[in-house]
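What follows is a pair of complexes built around chain A, which joins chain B in one and chain C in the other.
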Partner chain A sequence: MDVIIFFMAVVFAMGSAIAIICVKNPIHSALWMVSTLFCTAVIYLLLGFDFLAAIQVIVYAGAIMMLIVYVIMLTSIEEEIKKRYRLRLFQIVGIFFVIIFFIQAVKYGMVHLTGWEGFDWKSIPERFGSVNYIAYKLFTKFVLPFEVVSILLLAGIAGAVYLAKKEKNKGE
Partner chain B sequence: MHSPAVLIFLSLFLFSVGAVGVIVRRNLIIVFMCIELMLNSANLMLVAFSHFLKNIDGMMFVLFVLAIAAAEAGVALALFVVLFRQKGNIDTIKLNLLKH
Partner chain C sequence: MDFWIDVIINVIFAILSVLLLLLVVAYSTLLERKLLGDFQLRIGPNRAGPFGIWQPIADGLKAFFKEDVIPEKADKIVFVLAPMVSFITAVGIIAIIPFADSITIFGRHVKLIVSDIDISILYVFALAALGSYGCLLGGYSSYNKYSIFGAMRTSALLISYEIPFVLLIMSIVLVNGTLSFSGIVEAQSHLWNIVREPVAFFLAIVCALAEINRTPFDMPETESELACGFNVEYSSMKFSMFFMAEYAHLFTISAILTTLFLGGWKGPLLPPIVWFLLKTFAFMFFFIWERATYPRFRIDQIMHFGWKVLLPLSLANLLVTAIVMAIIG
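Let's look at the complex of A and B:
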């Protein structure tokens, strides 16, 4: 049963990732992105990281994608839907090199996986990704990155407020 | 069961799709979403190896990447709103101020 859900999540994630870049309407794109994030959360859950799956759904699929949908609605999407674009030369060359990158990276990754085939993925330790263990690690080994990230978030909030407010006295 | 192989393949696939989206799409918000997709694929690889190596450190990095992605989303979307207010569009081909 787990295996079926795992492969369904993988296939749905790949399909909705392709749909993100193929659909014309940006709102539909954002919704396909939410679908990809949910499939990734399911994979995290199957790997035993329940807290991370919850955070993924709440922060990514909830907060960030909500923000993106708001900004898409603030900008104009009508002309985006109507227009048809031709691919330019640099885009075709770029796609070609991304495909080469993909093939080479998969080859490289598979070559270095020869010892992993017989891995028994039922042998997960009991409470490996639990909130207890994460909190213990977060406040002992990772306490400096934790503080740095909190300052970064504060700076991000200040920057976003400063950028998005209307400038009244400074004429530009 | 080749679970690590499948996860690596999925992660590389998501990364490649995100890179193609960054190159192909012209709406800045969709480009930003594709960058988020690439971050997400890196997260997936980190979590997969954190699971297979029985080491929680990779997962902690994913938490920090999530926080940084949230901060990045706030600032980038504020920038897009300002850009749209000033220029009237957010097309990556038309925004070529540095060229002239």
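Let's look at the complex of A and C:
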């Protein structure tokens, strides 16, 4: 059962990823992107990372892609459709093989150079992807990176507020 | 063999709960029209059957036989897809709502919840995030200036009120120490969350009103400004799907508020499922009642209220909750 769902998710993810670069309309591209992200979330779910899957849908599909769709809606889509460069089928097939070659090379490198070969998969604790486990690790072992990331995000918010603020001296 | 029996029971229960949802959706339209009639000293629908009880069926048949118009310049695939996205994401939330305690059928314990997952709250927000695509795409694909305005207002509204809503629910998570709905119901055995988190309760009702697009936040509709918002070009069953999604949201958000604040199915004397439905319908009555009471905000007032009042208040609530929890452990 898991295997069937896994292959369905993979096929849909790959299909929609190819569709992102093949369709004419930028909104359709964005929607195929949402579909890809959703299928990736399904794969996370099968791996037992339920927290990561939910966050993937909320943050990527919900927030980031929503913003992208929003921005595309504000541009003139019709001109974009006329001008847009589309990949042809044989180009896609070519790219596909290049990517497969690349993946195989990376896989070879990872397995033979980093010592993953002898990795004991049973040493992964149970409930590895659960909320409790992630939270525990985040606030004990990885607390410094966590704080650094939150300061970075805070700086981002402050910058966004500054940019969006009305300039009072101008134009009054 | 045992595994497959459990699967079959679960599938049957899933189908039953979706049917219950559809029934509630159909009859909450009648309930709303009857109650609005009472509030405005009118009679309301009373022609189809006694007290108008066949009205939802008549409405459904009427919508089914109407001509299905797709505008010529519309983005046709997206136009067809948008109501489905809205409807499916609205119905999907029913899967994680605990209706009642586990019951015993043919000697095996059956939980009255379709899927008892650890991350119920995140699931709700993930579906809500996908559901807001329904409005946005419906508005975009219609090729109509009113619907695009409606869509952009709706998605801006949904995004800005989701943030305080998440923060308020996080304070509930802090108090109860779990993200799963059945865990939250268990944690409220002695004391309901409405007593522990009264501020969060009232603010969450405001956010819930915005999330399901009801007055005073009914930005997608705004008949007086935008004709009908994002669904102005929709007709026939596609319009009905948006309409049903809206009422499905009304039921599911009431059920979620019941689970989070009013102790879910817990209560004395009466059977759990009755308690659950009573509390849920109390919320639904409240949502219909306030629709008849309040006028609509303007879009800029809504944005100011969301970002400058609700967000600081919910952050303060989370902070106070965290400090109190740290002190009393």
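Everything below uses one rule, namely that the second predicted complex is superposed on the first by the 119 of 172 C-alpha atoms of A that agree within 3 Å, B and C clash if a C-alpha of one lies under 4 Å from a C-alpha of the other, contacts with A are read in each partner's own complex, and residues count from 1 in each chain.
Everything below uses one rule, namely that a contact is a pair of C-beta atoms (placed from the backbone, for glycine too) under 8 Å apart; a residue touches a chain by one contact, two chains touch by 3 or more.
Just so you know, these numbers come straight off a predicted model, no measurement behind them.
**Q** In the superposed model, which partner reaches more residues of chain A, chain B or chain C?
**A** B
**Q** In the overlaid three-chain picture, which partner chain does A:Leu47 touch, first (chain B) or second (chain C), both, or neither?
**A** In the superposed model, A:Leu47 contacts chain B only, not chain C.
**Q** Now for A:Ile55: first (chain B), second (chain C), both, or neither, which partner does it touch?
**A** So A:Ile55 meets both chain B and chain C here.
**Q** Examine A:Phe102 and indicate which partner it touches, taking first as chain B and second as chain C; both and neither are also allowed.
**A** In the superposed model, A:Phe102 contacts chain B only, not chain C.
**Q** Please indicate which partner A:Ala63 is in contact with in the superposed arrangement: first for chain B, second for chain C, both, or neither.
**A** The answer is both, since A:Ala63 touches chain B and chain C.
**Q** Does the superposition put A:Leu31 against chain B (first), chain C (second), both, or neither?
**A** second
**Q** One more residue to check, A:Gly15. First (chain B), second (chain C), both or neither?
**A** The answer is neither, since A:Gly15 touches no partner chain.
**Q** Which partner chains sit in contact with A:Leu152 here, chain B, chain C, both or neither? Use first/second/both/neither.
**A** first
**Q** If I apply the document's touch criterion, which positions on chain A are contacted by chain B in one structure and by chain C in the other?
**A** Common interface on chain A, chain B vs chain C: 55, 63, 70.
**Q** List the residues on chain A that touch chain B in their complex, please.
**A** Going by the criterion above, the answer is residues 3, 6-7, 10, 13-14, 17-18, 20-21, 26, 29-30, 33, 36-37, 40, 43-44, 47-49, 52, 55-56, 59-60, 63-64, 67-68, 70-72, 74-76, 79-80, 85, 87, 90-91, 94-95, 98-99, 101-102, 105-106, 109-110, 113, 116-117, 119, 121, 124-125, 128-129, 133-134, 137-138, 141-142, 145, 149, 152-153, 155-157, 159-161, 163-164.
**Q** Quick one: which bits of chain C touch chain A in the complex? Just the residue numbers, please.
**A** 75, 77-78, 117-119, 122-123, 125-126, 128-130, 132-133, 136-137, 140, 148, 151-152, 155, 159, 179
**Q** Could you please specify the touching residues of chain B with respect to chain A in the complex?
**A** 1-10, 12-14, 16-21, 23-27, 29-30, 32-34, 36-37, 40, 43-44, 47-48, 50-52, 54, 56-57, 59-60, 62-64, 66-75, 77-82, 84, 89-90
**Q** If you look only at chain A, which of its residues touch chain C in the complex?
**A** That would be residues 25, 27-28, 31, 34, 38, 50-51, 54-55, 57-58, 61-63, 66, 69-70, 73, 130-131 of chain A.
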